[in-house]
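The two complexes that follow have chain A in common; it is paired with chain B in the first and with chain C in the second.
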Partner chain A sequence: MSAAVIVSKEALVSRRNSKVIALYLSVVFVMLAAIAVGVNRTNNFEAERAAAAQRDRDIWNDQGPRNAHKAAHFARYAFKPIPTLSSFDPGSIDYAGQAVWLVAHVQNPAEFRYAEGQGDLARFVTLSPAWVMQYIVPLVLILLLFGAYAGEREDGTLRQAMTHGAAPGVLFRGKLASASLSLLSLLLPISLFVLVAVFVFDKGASQSDLSLRLVGLFFTYGVYFAIYALLAIGVSALCSSRRTAAICLFVMWCMMTVLAPRFAADVAVTATPHPNGVDALKTIQDIRFGYMNNPEAQEQRKAEFLERYGVTKVEDAPVDFRSDFLLATEEYGNPLFDEYYAKIADRYHAQERSMQLLSVFSPTIPTINLSSGLAGADRYHHADFIAGAEENRRVTIRQLNEDLLYKGGKNAILYESDINLWRTIRDYPATMPSLGEFFPQYLKMFGILLLWAGAAFLFARWAAYRACNLEAVK
Partner chain B sequence: MIEAKALSKSFNDQMVLKGLTLTVSPGEIFCVLGSNGAGKTTAIHIFLGFIEPTQGKAFINGQDVSADPVGARKHVAYIPEKVALYPELTGYENLKFFTELSGRFPDHNELLGCLSDAGLSQDDIHKRAAQYSKGMQQKVGIACAVAKDADALLLDEPLAGLDPQAANEFCELLDERRDRKGAILMATHDLFRAREIGDRIGILQAGHLVEVIDAKSVSGQQLEAIYLEHMQTAAGERT
Partner chain C sequence: MRQALVKLELLRLRKSPVALAVLLFTLLASLYAVWSGVIWREHHSAILSQHEARVDAAMEKWRQTLIAFEKDGVKPPPFFDARPGAIEKSMALGAAPLSHLAIGNTELLPTRLNVSPARDHITMVELYGFENPTVLAHGRFDLSFFLVFVLPLLLIGLSFDVIATDRTRGTLHLLLSYPVSLGKIIAARLLTRTGLLLLLAGLSTCIGIAFSGSAGLVPGALWLLVFLAYSLFWVSAIFFVVSFVKRSEVAVGSLVSLWVLVTLALPALANSAAEGLYPQPSKLAYLSDARTAKNEAWKHKDALTRQFLDDHPELSVGQGMENEYFRAMYFTNKMVLEKTAPIVAALDDSNRRRSELLDTLQFVSPAIIAQRAFFRVAGSDFDTTQRFTREGIDALSALNNELETAILSSTRISVEEYHKLPDFKFEHARSNSVLADILFPVLFLLITSVFLVIFGFAGNRK
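Let's look at the complex of A and B:
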């Protein structure tokens, strides 16, 4: 009951404090602006993606009669679907390629980064609701709570409350409940805005998947804010004046929210660098021309071809050996590309492990990762797109090469396919993968966040009891 | 009842309270006189359970304060020299908060009555505490103590900052508490008020309770003479 009395008093004090109200209104205003910017960006990206995909399909269909392998070199693009929740958290969307050229012989990396198209202005902060929640809201919580204990110690009201029989535990629970109320009063309107924006501007994403992702985001940010609220209460309890508490908490915010994620990313990349562009291009070209530079593999394939058609010379076969050669180059290159990209994926995994380790320095690190993941804008979703695009490329190139092989006759090089074939080549689907496919990847990060919450609770509790004891013997 | 049994307290090897033994019975006001640093506030803080005695025991209503300080505090109302209030809340709201914190939930009229009895004017009751003078804050503190309706009352220079009329009203309130069998321990420098309101007066000198006087058996002048004699003795010992 006493904790409820404290909550009621704190709420009244907050309502009477014009600075607190100004702070709330500022956050809500910034959040609304961020949502508007985010929704606008996502809508623009989606419109661009849809237009580019349609244009690619039109160009493909309108290419006229052409040799199918030439068409495989003309090729198509796979365009990455735009996650609805990227309006909330754009994650790595600006820095990851948005399309893959599905050309014969080569598994290309994704290209066309949004950051490239933004030119010089890209240096300005990307305003997004996630950015506000990751950086601004913790600062707001600090501003709301730095005086939780320090202010009461400074004014003498903590001692006054204790003489009225309030035990340290009751005071702590009251402060905790008040902070939770502040948190909810901040989180609920923000969640409502995000929900409205997401569902109003949604472009056909699965509603159940979207709901699951939103629930995940709500919990992630709930825990994240709780951590900062607990840390703010704990530091406030350790300090005997508001000014000291405010300075300590600001330093903590700078270290944990601003510096630690940047530091962690730099350490992760330094420990496990990803291959540079020149090396990557050389490797891809080596694989591309590997079969052509491998006479033994060619001889073996020729022997298999002759055996398959029961002939002794390739000219006697009912199909053009050169068409089979094209299929062979793909079959030779595919496992090598798999191996190469798996090595790169291993490097990203190693970087992620480094980030997980460095999460001990800041709850912002796992939160950034979880947020972009739940929004569908992280490395896992990008890797899923890359894998899907490559699967599409292999199916498409095989379809084109087989058309040439089986319909081209003995002189396939002169054979031309037409729109009837082009129409059968499928587009890369614009649907997002479901969260369930990646969920296990996020459990570890969520576990780290919960550990942070547990540690922050114990710290705040210890500091709050210590403050009461110190106040008692003052 | 407020009871001390051979209470001693030292800070950094310096004894500030030396074997204090006293009993304040229900319906009694015991005033403690002493110079700054005599140990008055330390004794009160031990009764509040804020600090542990080095030796001895303190009891409130027979409850060992060291064993359960939070439990003991429920039976005590305390008025410090400087009452701390929440500046954003009115006097009434401060009183309501502190009273409810102590586990009592009096109705609106009772709370208004407490503030009125403490001498806060009707106009001031609903003003924010940020606008209060020290005396007005002190009156809210008194109202908090009254509203708590505790069996024991610990007062540490409660008259500091009060104008003479408010001080008179406060003394009347203490009289009333005494009549309702409250045990009251008041630390003060004010010899006049101590003699006027106290049943017994103790003189604390360098942590020792050197003399206990029946307040009605001495005149103001006699009390002043006794007090000054002890202070001079203490000053002589120091030099």
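Let's look at the complex of A and C:
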């Protein structure tokens, strides 16, 4: 007996089972609803961002004649682009700020999080295709496969198949192949819907490496589902009845998909609490006024200023020393901000390391992280936005302060710039980073997922062979 | 007979390692949830105290400068010192007695305000949003999560085969030969199993409530009411399903599907419906409106000042007229408040409509009812955070009204006047108002449970 015979028998059973067809249709329906919700959200969010960015430019140009440093305090905003694939997986988009105020002297955190407006339902799940893939499809797999071996054993058909010459390996391959076929028959229409949504209806910020990301998502979910299918086959082979197999698998599903991610996040934040907002504000203020409170640094800067202009008194220089002072405050603060925000990033890393450690208990944790990363909706992509915004802030503030220094004359405080300067200030480019920038991080998560797949395969194979051998010696 | 059934069930539970594991897990997971919440509350309260201390210290310095100025009289302090425009009052959304049991929106929304005429309603919100979005997106494993999401699963795990095993083993007929109905057998077994589990979860809940001391007694009673109603719903749902379904794998499949529907799918659909029906006005558009207003105010501040002084010439005689820093800032903030009033009203309206929609939609899922009720009792619900922000804006207007004359005339206020300024404390909702909010949904849960039990008994008779 070959594996193909087993596959065709399983396919026949599935086709005749109206419950399986109803289950498929339900998943496809939920998926379609999730895609519609996801595309709608992404398009709305991106339209809001584009409108806000345009208004920010208009407001900036319309500020009228003003002292350039005053303009630096009014400043501009950088708005985070919403990636196309966030319609598939919104990841942490709702929980990360969408706008950064690029004001003089201060590096601000991002503000305006979408989740803030969601009300009491924010703590329930948000309907998205990724959520269906992460939570519902594994449950469907369990429902399809819990009887793979246990059912055959209970009905006595396992021994029957073996007497017809089906070796344990053939049976295992047959079960695996039929599980893969069932999965593919579900995933192919789903993938098609996702592709149509992404390429036709989605109006999110374009991702240059969209195809690569989609391939990555396909492989990630392929491995994820394979893990669940293998675990389901393995547990089914270990259990003597459908009942026990179903119970064990449901418990596993609950533990691995529902509890583990939330528990891991809670452990992470309990072990390494979120940055203290009051301390953060104090540090930011300390950095802001750091140069003003540091007479030594001021003296050194003054000496450099005098030397640069070949004068002995600041009043004799052709430019206003106060303009140079403003430049100095930024140059003094920038590395300190880098250092402080690096410390915060270390804290985030510590939290994420804790979560990664707990991936031992659940393949859903690395899958969630990998999926949101590939969709461009995770913290790494957010950090790229923050870094880009900060770079823009520094360039903008420097440009404004230099305008004051070089054009403001000896009494720059009275000098006013106009629209000619405002127009030269560049907009935040709002481009999406490429996947390659975070590749090592994602490779690590994918590695964890592959380890899970390897372990699940070995477990399923061992359990399947054991089941056949036990049946043979009965 | 019923006593015998209960005793037998207890004996079976004692001998079942799986059942003992489920009970142990219940105790440990619920205690962890309480502990994690307590740690969070301490961290959160420490931050709020730090905030208040910082503002108080700054204002004490401000006050001392003013006292010195009033005493000396002759030597005025520098222009910026002890100016009314620089007065700042802290306002915080403090932790309610049971906030550690349901962190809810408190982790997500602003909880610290700096009420000052030098700020508008956007800038008065103290800088926040330093949290890791990845961790934030997953949410917390607090007691409300445990009770709403995990407890039903444990109840299902412990009691889905309450009668199916007898059916498959063929011992059901033997059981029914005794003078007791099938419904009563199921009920006795179910209550024994779930009773133990609920007792352990209740014990953790009581420990959690005890962390709040006497302040937690009344809200604690409300919390227990919601806990019991929600648990009763699930026990009744299990009773209903096992009464109709004969095979245990079908029973567990049906119950897990019900759990997915009630705790995951329906809330997600409700969320999407609320978002679709009442989309929030763009916060980014709100920001743009505020910046446009600020721009306009700065551009026209001289004209605004002139216009004001035309109406109030008596205010043009203050000290320090050469520097209009605070006056200009005050005008700007006032204009921002006026110009953004329509979008703020639209945001409030959208929130109100969503809230009203949820008041109805919650009845499609007991999980929504339970979670909203837990958040409400713990003071971490969305409406509370919205009320906090609204009261913050009102506080700002009140402080502005008190100080407007002094700011516009560039004069200092006296120490006595300073002491008369109001403090702004946010009060959580009173327990009777919370009870009024949660009573009907909780009654709905109880009524649904009764119906499920009645239909379950009817199923058994068949």
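Heads up, the rule we're going with is that the second predicted complex is superposed on the first by the 459 of 474 C-alpha atoms of A that agree within 3 Å, B and C clash if a C-alpha of one lies under 4 Å from a C-alpha of the other, contacts with A are read in each partner's own complex, and residues count from 1 in each chain.
Everything that follows uses one rule, which is that a contact is a pair of C-beta atoms (placed from the backbone, for glycine too) under 8 Å apart; a residue touches a chain by one contact, two chains touch by 3 or more.
This one's a predicted model, so the numbers in the text were calculated from it and none came from an experiment.
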Which of chain B and chain C A:126 touches, first, second, both or neither: second
First, second, both or neither for A:77, with chain B first and chain C second: second
First, second, both or neither for A:351, with chain B first and chain C second: second
Which superposed partner A:157 touches (first chain B, second chain C, both, neither): first
Chain B versus chain C as contact partner of A:167, first or second or both or neither: first
Superposition-derived comparison: chain B or chain C, residues of chain A touched: C
Partner chain(s) touched by A:315 [first = chain B, second = chain C, both, neither]: neither
Which superposed partner A:284 touches (first chain B, second chain C, both, neither): second
First (chain B), second (chain C), both or neither touched by A:296: neither
Partner chain(s) touched by A:52 [first = chain B, second = chain C, both, neither]: second
Shared chain A contacts, counted only where both chain B and chain C touch the same residue: none
Residues of chain A that touch chain C when the two form their complex: 30, 33, 37, 40-41, 44, 48-49, 51-52, 55-56, 59, 62-64, 66, 74, 77, 79, 91-92, 94-99, 108-113, 115-127, 131, 135-136, 139, 143, 146, 242-243, 245-247, 250-251, 253-254, 258-259, 261-270, 273-282, 284, 344, 347-348, 351-352, 355, 369, 372, 378-379, 382
Residues of chain C touching chain A in the complex: 36, 39-40, 43, 46-47, 50-51, 54, 104-105, 107-109, 112, 126-142, 145, 149-150, 153, 157, 160-161, 164, 168, 247-249, 252-253, 256, 260, 263-265, 267-272, 274-276, 279-280, 282-285, 287-288, 291-292, 294-295, 298-299, 347, 350-351, 354-355, 358, 367-368, 371-372, 375, 381-382
Touch list for chain A against partner chain B, complex: 1-2, 5-6, 8-9, 12-13, 16-17, 155-157, 159-167, 471-473
Contact footprint of chain A on chain B as seen in their complex: 45, 48-51, 70, 73-74, 76, 78, 80, 82-89, 93, 97-103, 128, 144, 148
